[in-house]
Every structure is written in structure tokens, then in C-alpha cells.
Amino acid sequence: MSRRFVEQLRDGESLDEIYLVTDKQLRVNRNGIPFIQMELRDRTGAIPARLFNAGEPVFRTFDNGDYVQCEGKSQLFQGGMQVVLDRLEKVDPHKVLPSDFLAQSEQEIPKLYERLRGHLHRLQNPHLRALAECFLMDDPFVRAFTTCPAGVKLHHAYLGGLLEHTVVMMDIADRVVPFYPGADKDLVITGLFLHDIGKTRELSFSKAFGYTDEGQLIGHIPMGVEMLTEKLAQVPELTGEAFPRELMVRLKHLILSHHGTHEFGSPKVPMTPEAMLVHSIDMMDTRMHMILREVKEDRHNPSAWTPYNHTLGRRLYKGGPNGDLYSSDGGTYD
Amino acid sequence: MSRRFVEQLRDGESLDEIYLVTDKQLRVNRNGIPFIQMELRDRTGAIPARLFNAGEPVFRTFDNGDYVQCEGKSQLFQGGMQVVLDRLEKVDPHKVLPSDFLAQSEQEIPKLYERLRGHLHRLQNPHLRALAECFLMDDPFVRAFTTCPAGVKLHHAYLGGLLEHTVVMMDIADRVVPFYPGADKDLVITGLFLHDIGKTRELSFSKAFGYTDEGQLIGHIPMGVEMLTEKLAQVPELTGEAFPRELMVRLKHLILSHHGTHEFGSPKVPMTPEAMLVHSIDMMDTRMHMILREVKEDRHNPSAWTPYNHTLGRRLYKGGPNGDLYSSDGGTYD
Amino acid sequence: MSRRFVEQLRDGESLDEIYLVTDKQLRVNRNGIPFIQMELRDRTGAIPARLFNAGEPVFRTFDNGDYVQCEGKSQLFQGGMQVVLDRLEKVDPHKVLPSDFLAQSEQEIPKLYERLRGHLHRLQNPHLRALAECFLMDDPFVRAFTTCPAGVKLHHAYLGGLLEHTVVMMDIADRVVPFYPGADKDLVITGLFLHDIGKTRELSFSKAFGYTDEGQLIGHIPMGVEMLTEKLAQVPELTGEAFPRELMVRLKHLILSHHGTHEFGSPKVPMTPEAMLVHSIDMMDTRMHMILREVKEDRHNPSAWTPYNHTLGRRLYKGGPNGDLYSSDGGTYD
Amino acid sequence: MSRRFVEQLRDGESLDEIYLVTDKQLRVNRNGIPFIQMELRDRTGAIPARLFNAGEPVFRTFDNGDYVQCEGKSQLFQGGMQVVLDRLEKVDPHKVLPSDFLAQSEQEIPKLYERLRGHLHRLQNPHLRALAECFLMDDPFVRAFTTCPAGVKLHHAYLGGLLEHTVVMMDIADRVVPFYPGADKDLVITGLFLHDIGKTRELSFSKAFGYTDEGQLIGHIPMGVEMLTEKLAQVPELTGEAFPRELMVRLKHLILSHHGTHEFGSPKVPMTPEAMLVHSIDMMDTRMHMILREVKEDRHNPSAWTPYNHTLGRRLYKGGPNGDLYSSDGGTYD
Amino acid sequence: MSRRFVEQLRDGESLDEIYLVTDKQLRVNRNGIPFIQMELRDRTGAIPARLFNAGEPVFRTFDNGDYVQCEGKSQLFQGGMQVVLDRLEKVDPHKVLPSDFLAQSEQEIPKLYERLRGHLHRLQNPHLRALAECFLMDDPFVRAFTTCPAGVKLHHAYLGGLLEHTVVMMDIADRVVPFYPGADKDLVITGLFLHDIGKTRELSFSKAFGYTDEGQLIGHIPMGVEMLTEKLAQVPELTGEAFPRELMVRLKHLILSHHGTHEFGSPKVPMTPEAMLVHSIDMMDTRMHMILREVKEDRHNPSAWTPYNHTLGRRLYKGGPNGDLYSSDGGTYD
Amino acid sequence: MSRRFVEQLRDGESLDEIYLVTDKQLRVNRNGIPFIQMELRDRTGAIPARLFNAGEPVFRTFDNGDYVQCEGKSQLFQGGMQVVLDRLEKVDPHKVLPSDFLAQSEQEIPKLYERLRGHLHRLQNPHLRALAECFLMDDPFVRAFTTCPAGVKLHHAYLGGLLEHTVVMMDIADRVVPFYPGADKDLVITGLFLHDIGKTRELSFSKAFGYTDEGQLIGHIPMGVEMLTEKLAQVPELTGEAFPRELMVRLKHLILSHHGTHEFGSPKVPMTPEAMLVHSIDMMDTRMHMILREVKEDRHNPSAWTPYNHTLGRRLYKGGPNGDLYSSDGGTYD
């Protein structure tokens, strides 16, 4: 029987399903009787839940971050859905399918991965192609790279997000580089592949999305350079030649400068055509992804404007009441 | 007989050619004998020139900005070329081919223009297609738009630069928009066409590149909105329908927000997916053009680095002595 | 019988009056019985209200932004006034006097308007005087201009605020321009008249103060330039002469630069004496209005300081306990 | 016989006059014969001068900053005036009228001073009036205050500039304060009087305009507070009462906050209506003075634009070729 | 019997103790019965408290900021401690030991003061030593200086904090100045002593920590200069000589520039070696104090990171689960 | 015979010495006779030189950056020293003592190195001590580290500068860390040792100070992390244990955050007490070094102020005419 996801729950239905707990609180009502309040989550969203007549003993049987088997009923309350629980029991995390609980790319990972491999196999430069091969032969790396989100909240914050972000950027580069003779396509493609690989170490994404301690203290940019250095040491085994020093320096520069300015955490600004192109495509894809997601998530809200977004520092315009670009309305004094 | 350009002059050759005068100065030598010093220019560069034994009467026969017939000799002096003049006479500007004196796009204008028309004719939305048609039917506009540079110094600073910049951006949009379903391609293409049309009024480019008074006091962004408003009034004649109000607002927003932030002179930040895409492509093309031109102009300089560029706030790396990405050199202590 | 305003309500009085609803919420009490909570507003302020024993059917009969006839009782609760409703019914907005619900200038609009007309009639330059006449003959414009607030929240946020702000600035210019020979008074006066006219299209103010979609996407600065362009086309009918091109450019520059810097949304910085004076007077009047309003609204609070104001980034000093500038108190260690 | 000022010198006239020397240099011509080059200055400007056939012995008889009696001839050279000297001799600075050498206000100092006294005598508050009296009774202060420039270069950089700046601001306040009931006029007038008094100690202006060491290390804002503190100690002798503590604090705050923001060197931002008004009038007068002076000094230059001004970060528009606001020219593609 | 501090209260104990009240509110429960809610504070922290069945008459018997005798019971509720009161009565503030209610330095004040005196007595320069003596002979000053906190919230926010901060900086200077020959140690030591003396007038610290009105309007930097000026007038009585003018200017500069930049409220940037050293040591000590306090206060929280700190704009890393620098854990994909 | 340094040359002395050539130019005099102009440099400064009657053949025998044997005469000319050459011949760079041509630390390198070793040997933590040992055993590293300057121009720009900067910071840390219990001294000392090691690869310093290509594209911060990573791999051979992962992360964080903010090129801000201390000591030492050098280099200039320094954005005060802190002069109007 298929899983009942949070976004599918409707008024009045019975419930017996596993969710992830967050924000648990022990409260008492006006008559002094305790109850437990929490949020239940899966990859489709979160819903408030209450277990009445339950005190500290039950409260201690589970923690935020645990998976719990929930029995009860979902109901409409004050215009939103909530769950009233009858019973709640912690379950072994290994019995759970993580992909049910973490947001995932809407695209198929194997297909994205094939596009990635295609781009890397088409590299002309033998050193760069061998470097890519060293990464692709590293199974733990490939597993991490194809699973990792590209961010915790801001953009591509879902499993497979890093892969999706990277592949789309490569596809764009394929089409855009020809307009800029003077920029080396192999370098751009390799730079896009490498630019965010450090996120596989900066982020934790096995249970919920967050930063590793190491990630917070070092950051994905220096981590990416380190991962590149590790792999560069293996290339000569494939090619039988030393990896060219200047090429190595250019690759590191692509990673180090991809945020574009010091203010955004890049220790170097782009100083080659390829570095500027990697940075420009990254900016474009990141911002477009944030904006389109913002608009999409707010699509059921009848207002013409999304709520204020603090990262972007603005609200976005979704358009007139009919979702129609070409309606004639609005009005001024005349 | 073909013209002798500034960049072709060699040591010891006789000269009888027209140049543009700038920086003229009346000086006296140690013996009190006056001479005239100036720069002679055409679209390929500038060269210092002197007319000895000439005083104020001659000095007054021409002005900076005049075209002059020059007779004399070119010679090597202190490591650079200069011209020693025997005679100099002002000529009627109408006898001159402006394209000899102003830098020009290296691409063929008629071909670029065909690409522009192609993009505009492929617009699906009838209102936008009609709007584009109104611009294309306006001969003075087309003449200005296909002649105007995109900037005075920073990027695409040559005749046809605005057209070239616009067409390349449209080509890129053609390839990039499909990655962002949720962004309307017709709006993006039209926005790119319109984003810098105000430059045809902001800049003067008949003789040398500069700003019109009006351009400095108003700027190409509000000027572009005005030009759009003028044309929008003509569209209903073609379509038989009122131009949709919301569509008009969106088009104006695309022009007003294309610099991306207040700091760069946009009175509005991008608030629609299309506005963000127009801005992102503009940033990418502008920066790539600046960087590649910088590298190209410095290609004969043996240094691995271009001179410091104040607009970019950096030097650019051109690469190792062989222009070869894959040489093995450089060195640290080990 | 005169209206009972929010700020007049006292403990224990019966109530039968129309208010504007905002922030309505459906809640349940501990016994599971639903009640409705909302805010009731008119131009003098807002008061919380509750309708007990009322559920979703009633909740759906009205919306935020509706006018409702309210029966019930006002009472003191936790140190503040609230309303307990017995009944509540939506009323036709046309039966309502908008001026009861939107804040209004404390000054008489007709008198302010006479001062405005006086300033414009005293213009010496015939083109500018004719331009002003074109605006004054446009009834919908005059109605909007004399009704519109100057802002949604920050300053002059009341009906007539734009007119009041404009007229006070003109009065000040009248007195200040003579100190700056070299600044043209006619240009300054016309610039002040025009600087915020775009707000009549940027803001919506028929029911509650907000931004129109068009206002958010375009902004009052480009909108003001457009309104000016429209009217400039009518001037030659009055004067029989073309409107001087340079004068037109200077007027547009006054509007475009009046925020003073790019950061504050002006696409151009002031480049003429008149533009700098328009900007300086606008800054002075705007800030003084914010500060004096802040102090006035907090006058009943016994603290020597107003609450922190986020727009100003500071608290304001209202003065010693007696409201007396000249008391002797305060104290340090000595 | 009246003095021959630098700006009056014409081609071919004989010269026997005192000037201030700056930028002296010892040079040799191509034949190895030394000559001395320098600039001669008075309050109307500077002119280059040469003394041929003069070597180190003469070079040592005078220094930059000395006054010298100059005999020779003025002549036109390379489009500018210069002086060829026959003889040059240092003179006793006491024989010189300083006002011939330092720029001066174009307004009459005694009249400005009367306007200042008028404003101060009209103060209603007895403590403030007595405080003003203490300053006016202090002859060295009055001498300094009526002589001091308001700046070294940026604005009002001439003898009497501080007085002129202060009095104009007071005149403006007289006319503007009535529009802001809630701001105390006595405080504003006194604040304007005090705001820059520290400049009398920050600047040196006996020979050339500069900063005192103390001025650079402390600045006119803290210096002004100190001068106020000194004078406050004398007030009770006049009034027979302690000076009110709160009033003292408010006055210091007016001085400390008059630059408006930390960035411009104010340790406090304006937190009272009077402080905001003092700051706003100061900004307006300072900027208007800079702009109008810039335009005026460039009035003989035929360009429509002043040269780039680094303090303002812009060029200023002076207007069309006829200095006429209402000419019809300019031109775009149509 | 010793006092029962907030941080000592445990579940289920009876209470009869004095606390400081803040945040008092009158509320009603669902049955309409009023109760009073407030926070009780002493120097060790704050705890929520409720007095049930008490209405407006009781509510009016005390105010925020009053000391109250509290009878009742402490209990664990929802994971935190709270107090349920039976009775509450305002007490005379003179019966209270202020040091029970304000946070205090953990170091012994008399010992810190001895270290301060030691530093000042070791000054070599007789003028500076005499200046220091004038401060030390001023009992009210010494009392204030040894009691005052160094800040309201950010760092050293406890009684004695200013003294502790000053003495530690002097100790550091003692050890650091020798590395910078060219910096005068006497000036550095005196500068450190003086840099924050203005805080004794800027802050109020008799009951709760805050700013005096005067402190907010003037600030501790100008106040410190004033206090220095007052004392400088007394020095000649001790030394029999005028205080050297340049030395005075240098001392004032040390105070005025110690925040390092305009942005942080210094009207002057450091322009002498001593000023730069005073500023650098102040920055180091202030930041180290904030960071170490943040880490210490969060030591019982099992997370490896402190909560986000808005002043620092970051979270701080406390380290691995064992508080052990040298554990081996963490994990990435490999 | 000892070398004749540039700063020792006096009027009229004969010269036969090796210098480094920069800025060579071929010129002609008024009679058309060519001469060569250049600058001669050694570690004490630069002096202009001319070789008369020498044309292109000689001009081509040497380049900027070459060492040349110079015969001729030094003479005073226009108030400065210059050299008139009789003969000039390129010499083999290996015959030259580089230390004669590059500025050097005034301290003895072996003594500084001993202090460095002392600090590292006193580390308590065995892993850190072993790590330091791995660096000290690496001869090429030690040679580079003890030779490298700490900067190209701004501070410690001389051979041995990096060592001197590092050792002084360690000495300071030794004295300062005890004031901050909660900061681990071993980590601070190791962090200071490591913070700038990347400069040995970022800078080139064999002939003149500059950046390597690699240094410009990557920067010393990521380069330092790489060098650390390389050495960390060797530690287990010494200790027989894995290097603790958390300790490794903390060390990298110390390097990555030592510039304190993103704006200054750190990809991470300090998030541990040790990182804040490393950053604070680095800021202090860097700024103090710049200021004291600036004052020292200008010590012979009679002005009380150094010239404007663009990096610091200020002039520095050196003090009164007698170099005496305690003179009584200066003067204001009183």
C-alpha cells in the first residue's frame, strides 16, 4: 500500500503512517492536563499534531529528528489541516525510505547522471578527460554527488539538486560558449563540474539538510579545491604524464572565484574568461531557480505578488488574476 | 587607392592622407620658435604629430574634431611612431567616410540585422510582434539602432555595437529560456530587443563617441521607456486591438530593471522571471565582452597579465609564455 | 448623529457603528467552541474585537477589507480597549464615507490647493506656466493629486498628504531660492510641483493605502516622467509655440534625480542647481515630517524617548519629564 | 596706486608688484644654464613665472610661502599668461595686506556680522541669549569667527566664509522653522551659530588655508563642544542662574550630530527635531554653495558641462550654448 | 540566611525572597478570571512568575523596576522553572543590596583597582603621572569608574566591567608595547586608562544597566574628552607647570579615535602609533570577551555551536561532543 | 672593498659599481643626438642615470631587470642626486649578492629562526608539535619561510619579513593568551605559524618582490591550506597515530579566517576564540608595522605629518618640530 504523504491528508481521514518529528513541546491545558504538540514532516511538507492527555513519560520516548509511527485522525482546524494523535511510537530509522522524507529533484537522477557523463566524455583535452574519469570511478563520490542538494534552503534544496544544478549549467554552457571564442569550452565544462563539488562535504543530507561542522568551518570552496587536489594526484596513472601545472592552477581558480566577489565568500575574483563565464552561468541559474521556485510555490495564492523573500530582498510579481499576461485591467485615476 | 591607416604607418614613409585632429597645442621651442603639436586619429588608433615653424595663424585654421589633409613623413622616435608634417589643411567632413574614423563591429551589420528581424518575426504573441514591427518600420530608428555603439568606452564601443550586443543576447536567450519553463520566451526576446534602445538617444556617435546632453541628464533607461511608450501608441493601428495594459507594464519593467540593482542605476530591481533573465544575460554578455576585448587588445604584450583595468578592478590572466594552456612551468620553492 | 470613532470608544459603552475589518481569524476556545477575532479600523486607529460562539458560516460572510456594521460593547481589558460583538454584518461600501476610514491631512484641502495654484500662477516663464495650466485643467489629475497620500507609511501617509507635502515645499522654496542666485526659481517651483506626481499612479488610496501593481513594477519616478511627457504634448496648444527642448530635459531631470542618489532609486544624481535644491528641500521636509510625527504620536508616553524607529534607525529624544527644555536634572556620578 | 592682481595681468605689460611664491624649482636649460621656475599667487589666482640665468644662490634667498617683490613682464605663451622676471626680492610679510592674498567673501563682513548679532539678540530664551552674548563679548573669538573660512577647499573657502555660511543658514532657518511647529526656533538658531565654531581652531587661515595640527587630530566637532563648554561656564555670571542641564545637553547634541551620519564624522546622529533641521539646512547650504561656485567658476568655458568634480562625483550641467534655458536644440536620431 | 538566587531555584521549593519585577502584564484566563504575569530577576537571571486570582487593584501596587517581596513556590513547567506566587509586596529599594541584582565582575574589584594604580604610578612622564593622580584623588570618579559596566549588553556588561576591561588592556599593553619601539608606552597606558572613562556618564548602572539621556545624546567619546579637559585644568597645581599643549592634543586624539573608524562612531581615525595601538588592543579585548562569554554561557548546551549572535553576525564553534579538541569523528561521504 | 650603495652616493664622486636597471628609455636631445635614461637601484633606493651619446645598439644590450656594471660620476642636479654614466655593461646575475638588491629585515634571521623553533618546541599537544616538526624538517620550506617577505609593498616588505612578522606575533601571543582562558595556546601558536605560510608560494622574491601567477590566481590563503594538508599526511609517521580530524579542521579554519572578514578575502569569518585571536594579533601587528615604518621613513622630513598614505587612507602625525612630545606650542585665536 502506498504511503500517505503530508500534502495528501484530508479532513476526517484515519491515519496510520510514519513521519519525522520536529518542534516537539510539552504543554498543559487550562485544567492543568498535559498534552504534547509537535510537527510531523515528510518530503512533501509539515503538519501540526497534538497528542492529548500525554505527559512527560511519553514526551521522553522520542526526540526531534526521530521517525514515529502515528495513529490518529487528520482534521481541518482554523482553515488549516492538523493531526490529532491517538498513539505514537518511535521506529527504527532503517525501516524508513529516506527519499520519503527528504525533498527530491523532480527529474530522474540516472538521466541527469547520463547527461553529466556525456559532457565529461566529450572533453577534448586528455588531461581534463582523465581528471573527470578519476571522479567518475570514485563510487562514494558519485553517490554523494548525485544525492547531495545544492543548498540547505536557498536553491535546489532537495536530493539530487547539486547534480541537477550542475547538469543544467553544463547544458547552458554548451550552447553559450560558442558565442565567446576566446573562452575554452573544456575549461568551462570542467569548471562547472567542479565548482560546487565541495558541497558533498559541506552539507549533511542523510536525514535533514544542514551543514557539517567541517562545512561551516571550512566551506565548500576550499573543500572543493582539496577534493580536486586529491584527484589530480591520480590522473598521471591514467595518462602517463604529469598533469600540466598551469591547467591545475586554472582549475583551482575556477572553483575559488565562482562566487564572483569577496563579499560572497570567494577569496579570488574571476580573472580569466572561463572563470567569468562559470560565475555568470552560476549566478543566472541560481537566481532563476530561486525565482521560479518562489513563484511556483505561491501559485495557489490568489495575490498577484509572492510574499516578501528576505534572500532576494523583494516580492515577485506573478501576474494578473487570470494568470494571463494579456488581460486588460489595472487602473489609475484616469 | 586605398587609405593609409594609422596602424599601418611605418618608419620613413611619405604621407598624404586625411585624419581627425585631437589635442592640438601651440608650443615654442627653446629658441622661441613656435610649433604645433597634435594627435592624428582614425578608427585604428592615434599618432602624435608636429608641424614645425608654424604659429598662431595656422593654429587657428582648424580645431579639435576637424578632419585635415596631412602631408609629411612618418618616423620612429623614442621607440614609437610619430608624424612630422609639412602641410596641413582642413577638409570638408562630407568628403570623408565616417566608417574610416569610428571603430566598427567586425561583424556584418546586414547579417546581424537579419538575425534581429528573424527573432522578432518569430514572436508568438501578436501584440509583441506588432510592437516589434512598429520599430522595424521606423527607418530613422533602424538606422540609429544598427549604427549606435553599446557604450562609449566600456564594452561594444564601436559602430554597430548595440546591434551586435542585442542580437547575441537574443541568440543566447533562444538557447537558454527552454531551461527555465515559467519564463515567457516572447517577453524575454522583446525585453532584450528593448533594453538598450534608449542608447540611440543617450549617445552621440556621428563623429566621436560621447553622451548627448539629454543622455547625461535623463539616461538611456528612462529614454528607452519613452521610446517604448511612443511606439505602443502605434500598435493598435496594426492589431486593431488595445495593447494589453499588463503586458505594457511588464515591458517597461524589463527596461527599468535590467541593470539589476539601484546601485547600477536601475530604479527598479527585477521582480519577474523574465526581468531576472534579461538582467542575467546582459551581465554575462557585457562582462564577457569586456574581458575578451581586454585580453585580445593585449595579445601582443608578452606579459602573462593584462594591465590593470579600472572598470573591472583587476588584471586578467592571459596565460603562460606560449599562449599554451598546457605548458608545465611556474615554480615555488620546491 | 455623528460617527463614533475608534479613538473615542470608552469602557462599557454600547456600540452600533460601521468599521473596516482587517486580520480576521477563526479560533476555538479550550472547550472547542469557535469564535472569530479581528481588528476594526477607521481613520483614527484600530481596536481588537471578538465575536464569540461564531464559526465558519459567519466567518465566510465577510472578508478583510470589507466594511461591517458592528453591534456590541466596548470594554477595558488588560489595560487596553477591546470590542465584544453581538452581531456583525457586511455593508455596501458605497454607503460609507471614505474619509471616515482613511487618515486625512489636518489642513484644509481647498486652502492648500489655493496655495498650490498661487505658486503656479506666479511662474514667470510662459512655457512653465502653460504646462502647469495643463495639469490644473485636468480634473481627474487634480482630484487624484489633492487626495493622494505622499506615502503608504513613512511620511504624509494620509489623504491630502501629497498636496500638503508639495505645497509646504513650494512655500519653503519661495523663501530659500533668493539665497541662491544662480538657481532659477521657476524651475525649482515647477520641479517641486512635478517631483512626486507619479505617486497618483504608484499608490492606491481609495480604500486602504498601498501600491498598485503598476506602481511596484515601474515606480513613481518613471511614472512622473510619463505624466509630464503626456502633458508637454498639450502645451503648444496653449502657447502656440513648441515647448523648448532644453527646458523639457531639465524638467525630466528634476523628477529623475530628486531622490539624490542611485541607492535611493534615482536613476540620475542632481546635476543642476535646481535639481540639488529640489532634492535638498524634499529631504528636509520628508525627514522633518517623519520626526515630528514620531514625537507627536508618542506624546502621551511618559518616557523621554520614542520607541525605536526602524526607518530612521534611531529613537528620538522628546525631552525631560516636564516637557520642559529648561529643567535642571539628570545626573552623573558627581 | 592700486594693486595689479594676477587675474588682471595682460600680454606685454611691465610689472612691479608683490606676490606669494609657491612651487619654486631650480632647473637647467639644454645648454646647462640654470633658471628658476615658480608660481606667483594672490587672492585672484596663480600664474607661472621664470627667472632666467639664475642659479642656486638666488634660489636660496626665498622660500615657498614668502612674499616677493617681482619686476618683469607678463606675456602670452602657449595660450596662457606667464611672467618673465628680471628681478625678485623677498619682502617683510608685515608690509603686506593679507586680504590681497587670501580669497575673501564677496559680501561685506560688517553687514554679515550685524545680521548675525540680530539673530542672536532676537533669541527669546534668556539662557541662550546670554550664551550668545558671552561669545559676542569675546573679541578674539569674534575676530576669528568673522575671518575664518568655512572650509579649505570644498565650500566657502575664503576669509569670512564661516560667517557668511552661518548667517545665510540663520536667515533660512528664520523662514523655514515656522513650517515645523514642534521644532524650537531658539534652539535651531543657536545650533546654527554654534555648529561650526570649532573651525576657528581647526583651520589655519592667517597666510594660506590649511588645518592646524590640533585641528587634524581633534576636529572641529569636538573642538566646538569644548568652546561651548568654556562659554557655558560664564553664562551664570550674566543670568544669575545655573544654565539648565538639559539645554546644555541639547546644544552639545546639535554640534555633535550636524554632519548627520557617522560616515561623515558625526559621533551621533540627529535625535531631536532641531538637530535634524540644523543638519538639513547645513547639507542644503553646503551643497548649493559648492554647485553654484562650480558653475560660476566655469562660466567662461564654452562647454555645456563643468569639468568632473571629485567631491561631488559628477559634472554639472550649465546649459545650452546661449546660457539660455529656453533654446531649442539638441538632437537625436529623429 | 543567605539569599536564594534565581539560578538556584528548584522544582517544588517554597519561596520568600526579594526580586526585581519586569514585564508585568494583567491577563484573564478562559473563565474570565484575571491573573498577573511578570518576570522576576536578580543578577543571576530571570524567571517567569504568575499570581493567580489577582486583578487591577493588585496590579497597580507595583511597577516594572520595583523590588518586591515574593511568597510562593517554584515548579518545573514545560521543561522550564516558573514561580507561582501566593503574595507579592513592594519593598523599599534602600533595603536591598544592589549587588544582588546587578551582574558583577568575577574578579575582586580592590585587586583590579590596585593593578590600575600600579600602572598609573609607573608612568615616567611627570605630566601624565600627575594627570592620573588627579583622577585617582577624585573619589566620586573612582567610585563610578570601579563600579561602571563597560557596556549594557555587548561585553563586560556587569558591575566592575569597565575597570576589568581597562586593567586587562593595560596589562596587555605592558607586554606588547616593547615590540613596537616608536610607540610611547606612557601615552598608550594613559590612553587606555582614559579611552572609556566617558562611560561613567554615558551609562546608568544604579538599578539596571542603561543609557542616561545625556549619554545617548552626547556619547562616551565626547564625554570622555570633557572629563579629561576638566582634570587637565587641575594638573598644573600638582606639577607647577603648564600641561604641554601637544601632549593634551595627543591624549584627546587617543580618546576620539579609539573606535578606529567613523562607521563605529569615532570622529577621527587613529593617526599616531599610540592611537592605533589603543584601538587594536580595545578591538582584541572587546571581541575576545564577547566570544568567550558567548561560549561560556552556552557551555551546558550539547550542540557543538552556540546560537546565532546578531552582534557578531555568526554562530561560534564550541567543539566536539566531548569538549575534546582531539577526538576523531565527523564524517563526509568517504 | 665594500659596496657603494645608492643612498651613500655624494656629489662629485667617481663610480664603478653594479646596480639593477629599471625604467630604461631611449631619448634624443634637441640636436637629435640620442641618449639613454634609466633608473639604477639597489636595496637602499633608486637614482636616475643618463648615458649620453648612446643610441639603439647600446640600448639593446641590456634590459630592465638586468644587473649592470656602471662607470661614471654622481652629481647633484636640481636638488637631487643623479648619475652620468661613461660606460655600462650587463653582468651575470650569479655574480651578484641578492641581499644587496632586495630590502632585508633589520633583525638577524638565525636569531628569529631560533625564536620560532622555541615556540614550536614548547607546544604541549603532541600532534601539533609533530606537525611543526614536519615543517621544520623540510629544508626547502624553511629556506623559503625564512627568506620570504610578508608583503610586496604594504608591510614587512623585505627579505625575512614573513619570519619576523610571524615570530613577533608568536611572542605577543605568548604574553596575551593567558588573559583569555578559554583560548587554547597551542592552537593560537600553531595558527600564527601557519597563517601566512602560503606566501612562500604566492610571492616571488628571488630578484624583485612580486606575485607568482599561481599566487595571483589562487592566493596565499588556499595555498596555505594546501601546504598544511600536504604536511598533515606526514604527521602519523612521527606520532604513530592518526591526526585528529577535529584538530585538522580547526587548523584549516585558523588559516581561512585570519583576514577576519569576507571583504578582506577570507572565505570564512573567525568562529572560534583562537581564530579571533589569530586575526586580532595579525591586524595589530600589520597595522602597527605599516604605521611605524611610515613614520620612520619620513623622519628626515621636517613636516609634522607624513605624506598621505593611500592604503591607510590618512596622513600620520609625527609630532612637533622638536620631535618632542612635550613642547608647548600650537595656537588658536586665543
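As written, the chains take the letters A, B, C, D, E and F, and residue 1 is the first residue of each chain.
Here, a contact is a pair of C-beta atoms (placed from the backbone, for glycine too) under 8 Å apart; a residue touches a chain by one contact, two chains touch by 3 or more.
Everything numeric here is computed off the predicted structure, so don't read it as measured data.
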(request) Using the touch definition from the top, list the chains contacting both chain C and chain E. (result) A, D
(message) I want to confirm something about chain E and chain F. Since they are copies of the same sequence, is their interface symmetric in residue numbering (over half shared, so same) or not (under half, so different)?
(response) same
(message) Suppose each chain is reduced to the average of its Cα coordinates; what separation in Å results between chain A and chain C?
(response) 43
(message) Touching at least two other chains at once: which residues of chain E meet that condition?
(response) 30, 213-214, 216-217, 245-246, 249-250, 253, 271-272, 315, 317, 320, 330
(request) Draw the chains as points, connect those that touch, then say whether the picture is a line, ring, star, complete or other. (result) other
(request) Give every touching pair of chains, nothing left out. (result) A-B, A-C, A-E, A-F, B-C, B-D, B-F, C-D, C-E, D-E, D-F, E-F
(request) Can you check the complex and tell me which residues of chain E touch chain D? (result) 213-214, 216-219, 221-222, 225-226, 229, 245-246, 249-250, 252-253, 256, 262-268, 271-272
(request) Spell out the residues on chain F that touch chain D in their complex, using ranges where they run on. (result) 29-30, 77-79, 304-305, 315, 317, 320, 330-334
(request) Show which residues of chain D lie in contact with chain C when the two form their complex. (result) 125, 127, 168, 171-172, 175-176, 179-180, 182-184, 187, 242, 244-247, 249-250, 253, 269, 271-273, 276-277, 280-281, 283-285, 287-288, 291-292, 295-296, 313-317, 319-320, 324-330
(request) Could you pull out which chain C residues touch chain A in their complex? (result) 25-28, 30, 140-141, 143-144, 200-201, 212-214, 216-217
